[in-house]
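Written out below as structure tokens is the structure these notes cover.
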Amino acid sequence: MIKVGIVGGSGYTGGELLRLLSLHPGAEAVCITSRKLEGRPVGDVHTHLRGIYSLKFESPSPAEVAERCDVVFTAVPHGTAMDWVPGLLDEGTKVVDLSADYRLPLEVFEKTYGMKHRAFREGVFGMPELHPEVRGAEFVANPGCYPTGASLAVAPLVGAGFAERVVFDSKSGISGAGIAPSETSHYPNMAENVIAYKLSTHRHRVEIDQELGRLSPEIKVSFTPHVVPAVRGIFTTAHLLVKEELVGDIPDKSEIERIYRDFYRDSPFIRLVPGVPSLGAVRGSNFCDIGFEVDGYGDRIVVVSAIDNLVKGASGQAIQNMNLMTGIAETEGLWFPGGAP
Amino acid sequence: MIKVGIVGGSGYTGGELLRLLSLHPGAEAVCITSRKLEGRPVGDVHTHLRGIYSLKFESPSPAEVAERCDVVFTAVPHGTAMDWVPGLLDEGTKVVDLSADYRLPLEVFEKTYGMKHRAFREGVFGMPELHPEVRGAEFVANPGCYPTGASLAVAPLVGAGFAERVVFDSKSGISGAGIAPSETSHYPNMAENVIAYKLSTHRHRVEIDQELGRLSPEIKVSFTPHVVPAVRGIFTTAHLLVKEELVGDIPDKSEIERIYRDFYRDSPFIRLVPGVPSLGAVRGSNFCDIGFEVDGYGDRIVVVSAIDNLVKGASGQAIQNMNLMTGIAETEGLWFPGGAP
Amino acid sequence: MIKVGIVGGSGYTGGELLRLLSLHPGAEAVCITSRKLEGRPVGDVHTHLRGIYSLKFESPSPAEVAERCDVVFTAVPHGTAMDWVPGLLDEGTKVVDLSADYRLPLEVFEKTYGMKHRAFREGVFGMPELHPEVRGAEFVANPGCYPTGASLAVAPLVGAGFAERVVFDSKSGISGAGIAPSETSHYPNMAENVIAYKLSTHRHRVEIDQELGRLSPEIKVSFTPHVVPAVRGIFTTAHLLVKEELVGDIPDKSEIERIYRDFYRDSPFIRLVPGVPSLGAVRGSNFCDIGFEVDGYGDRIVVVSAIDNLVKGASGQAIQNMNLMTGIAETEGLWFPGGAP
Amino acid sequence: MIKVGIVGGSGYTGGELLRLLSLHPGAEAVCITSRKLEGRPVGDVHTHLRGIYSLKFESPSPAEVAERCDVVFTAVPHGTAMDWVPGLLDEGTKVVDLSADYRLPLEVFEKTYGMKHRAFREGVFGMPELHPEVRGAEFVANPGCYPTGASLAVAPLVGAGFAERVVFDSKSGISGAGIAPSETSHYPNMAENVIAYKLSTHRHRVEIDQELGRLSPEIKVSFTPHVVPAVRGIFTTAHLLVKEELVGDIPDKSEIERIYRDFYRDSPFIRLVPGVPSLGAVRGSNFCDIGFEVDGYGDRIVVVSAIDNLVKGASGQAIQNMNLMTGIAETEGLWFPGGAP
């Protein structure tokens, strides 16, 4: 039984890690930290977990956490994770960091997040479908939610070299904004609305650049995020614009399907679906559903992906990484469907 | 491994049985029927199940189903279940009927549902918290969703003899109305709205009468159902009116808590919560959360319960019944939290 | 043209007063106050009003407001309105107070709100359907949103003497909780949920007691509020329990209809509808839709009312009061339908 | 007083025309047709209109309608409008057709809609901001909802010649799909979801091509529609890709603002807003709110527009056209704010 620690357990990703671990036959949460909630049962905050867990929030040092745990998930904000990760790694604990602190090279991180990195380490970018080196790794940087939905949607086609540019238009549920109430998450503002923000400057674009750039160095990426009236889910519409010289001469539907199936043949959580994916079909699950259509003008392929931002976009992918890092089956504890309707 | 059949698998309760069985270590769906979907993979309709199940809908006879299954769930409409149940029982298969055909005594059924019963049998009313005789039973009639939320909310207090009358005001998610589109379920009609229906004549009232009447024969029951903009869940507000002679002289909060804890001491799925329950905390789970407040006027106790109508109100309770009927642990395959947020 | 001032214009009722006044041919907003927004255009906060109004928030004294306005709406919190009302009245301005400061007799107010009243005056309770003395009044206390939906639903029947008790189970949109984000209004908490609160202790109960007690001194009132996933609207389910001696001997449907039509014959905003009212049909309008059903047991009448909490439950009723106080037609500027779908 | 007829009044656009006309001081609905609802009061279907209108649905001939009306709105499906329009025009009635039958040149229509046109006439494309010739016209073809939001968003920039291509990613409320229940509009399918459809083949693309092509013949247009959990509204995200030779050399924010203000200086319903528009601010109103951001890479301008699909996207724009056709002020009866929150 893998002993798991969660550093920063008061938010949605912490709660979701506990929910998912309660379904995992080979791992067990033994420690969850929160300075401000120290001593309180996790069910006080994550009321759905009442009766399932008797754990209480603690406020231990990194060394204490490392001592008690085989794997630690750091689910604290960026800028805080760097206070935990090196200490945990140095004690020999495997770490999956869910913050943004280790997803980018040092200089790119510092420029993008406008801060000095106090404790840089090299981690593996934790998207197993694109990074087989997660297997056996000691330290994994779990990707952002938007980059997960975006990169998985088009990686096979970008890798195949058709694309000049991809315009990502992403629609997220509001749980991505966290557990703290805000103007945006105020029900009268969010209900029956669509909210766009950081129309061209969201930091997750840099992660998408990085991942797609590995597959096709010249690719141009645009990214605009939206929030829609939903709690969970990211629905990504990728407008893939074909290279000028290939316009009108791109593969047909069945050929593109073959490209996807080849690319993802060892990726159990990718489902290529007929028609258009839906958030309902992945809600609560670790699946990434993908569908596409070739524009009749022959200059665009529209690819759509659907994930649960808290699962494949965060805590579920983190557990998928844990499975691979510790040598157990990739799908262990994650092989269940979403909760439609 | 218990082999399970689902008769009538095209609707929400059928899909939910499959979802829940995929999480059950001791049972496995081996057969699912639908005349109109015969031959199609279950993932075509229940798209969240793609990749998890390779089952296809079939259209076998009762005898064939019985032959292949240890337990069969009949998830067909009332009036149709009676065409399946006797045939299945006579072959020695255990049956959990999710329709209304066997929840009431013969005459009460015929009067309430305005039809002749073609094949009556005695079943156990499948609410294990009130009917320990589910354990080992051959045939269980799974309760209605509203009666589950309503009866569990007040059974301890009604049993304790305080109540003159209970006015149930229930708020359901729209999934209770089924998978077929209708005027009521049309998004522009349902969103930002509350819909009340059958203000005084809903058939589920008779089930509540039956269950509370067993605990206190003189109890008066009123019941008004509503639909609110939610997919899953039943939130029941029970206005329990105290007998005139006891007004101002009812137990205090801690005494009432004691009554609940005693009554439900062997009921793992009942959670007595501080404050007011919420649908979010039970969504997707088999829990029934209960909270209450004593009116300062001393003449009313307001009890609130929250369940997921498709789980504790239907498919989850059906599996709980299956567990007890087959002698495995009551919580087997059901001991997981809901999916908040 | 009536010159209107709004004291406390940064919240939803202030914004709604402006919206409604923009539709009123005989009145015009000339002044809106907010200390913290002083100098900012109203469209900065109430973005839907951009282009319609060039007003800016001001921070004047009561005397200045009185000087410039014929009628003033005080839309500040309870406890603050009392700092404005006497000063305005003493300058000869008509006042409609939307707070709770003047709805109840002095002692009842002080007990209910747990505070000393610093400046009590007698006002008319501003529900014109029950208080014809609003006509020509100088000072009106605008009712609470819940008491409006509740009292209008059952006043005719309570007045007719059938009722022993009314159990009100009210379902409100979240805009009733105001413009400031909170735990309750956080979208992931509110969406797909029902939230009950103050199960037996909400202060609005006292207003309902007062209004129904005028019609039938012995009536017993219970009241439990809920919030449902909707921005606007209050859907009130009134379970009217018939006096024991009348059980089984109550008027039939058409007789009850006659009672309602008689009672409300001079009330243009009351619509007695066939079937069950819906929030969609009143959204954005000043109508109160009412429907009912007689329970087959002869001991209960279920009455349902639907209002828009920000219009008939607040700002619309305030303007209806203004019309009557200033001698113009009751429906002036308010005779438009809601915005369905 | 302009006498108005509505042909095809059972749907959402018919109901919305009635709602808007009830607010119009210079026009009055005198006739509304529906074959299947003949004889029934409009309030039976459009329940929000109860008490406001005593009109009943009729089933008259085009000649009878023309006789009684100065202006007729045809709000029937495409393919049916062509049975009405010529008859009405030939009787000298002004017509605003809300169907797709007259928005495109004959051959383009026939190709796009896959049908023979039985009665073609030349109409003015009824988007007054781009078509000043609406003023005084006899026959206007009211634009589609998506093309309205899309064309207004970028017309000034496309006209200014920066754009190589515009990728439109539109998010609509479900009321655009009409009053009839469907799989898509089924609440459990729509709530908490995003539904993309016709990823590259929606017919409205042809209208956008037409309108933007008038401003810049070489412009490339891509269009993908989505439905989000909202009743009303279209939120259009326009990813405007700059011509290669201009990359890095495009106007700055204030210059772009100037371009918009110039272009729309005579367009009262266009509001250029600071930040990002929101559906809430336009809900129920005829405004089109527009905001934008220049991508830091200098190769993209992201423009966002928000309209109410039933008002500016259909019935409101139709009344705006009527005003201009009949020589009254463009804003008459339409100068009111949306209904936030």
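Letters are used for the chains, namely A, B, C and D, taken in the order the chains are written, and counting of residues starts over at 1 for each.
The rule is simple: a contact is a pair of C-beta atoms (placed from the backbone, for glycine too) under 8 Å apart; a residue touches a chain by one contact, two chains touch by 3 or more.
No experiment lies behind these values; they were computed from the predicted model shown.
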A-B versus A-D: which interface comes out with more C-beta contact pairs? A-D
Looking at Cα centroids only, farthest away from subunit A lies chain C
Between subunit A and subunit C, the Cα-mean centres are separated in Å by 46
Go ahead and note the Å separation of the Cα centroids belonging to subunit A and subunit D. 38
Which whole number of Å gives the spacing of the CA centres of subunit A and subunit B? 36
Which parts of subunit A, given as residue numbers and ranges, touch two or more other chains? 12, 175, 179, 188, 191-192, 229-232, 278, 280, 283, 340-341
Would you tell me which residues of subunit B are touching subunit C in their complex? 165, 167, 169, 171, 173, 188-189, 192-197, 199-201, 220, 222, 224, 226, 228-233, 235, 237, 239, 241, 276, 278-280, 283, 292-297, 299-300, 302, 304, 340-341
Give every residue of subunit D touching subunit C within the complex, in rising order. 12, 15, 19, 22-23, 46-52, 175, 179, 191-192, 231-232, 268, 271, 273, 278, 280-285, 287, 289, 310, 335-341
Residues of subunit C touching subunit A in their complex? 12, 174-175, 179-183, 185-188, 190-192, 229-231
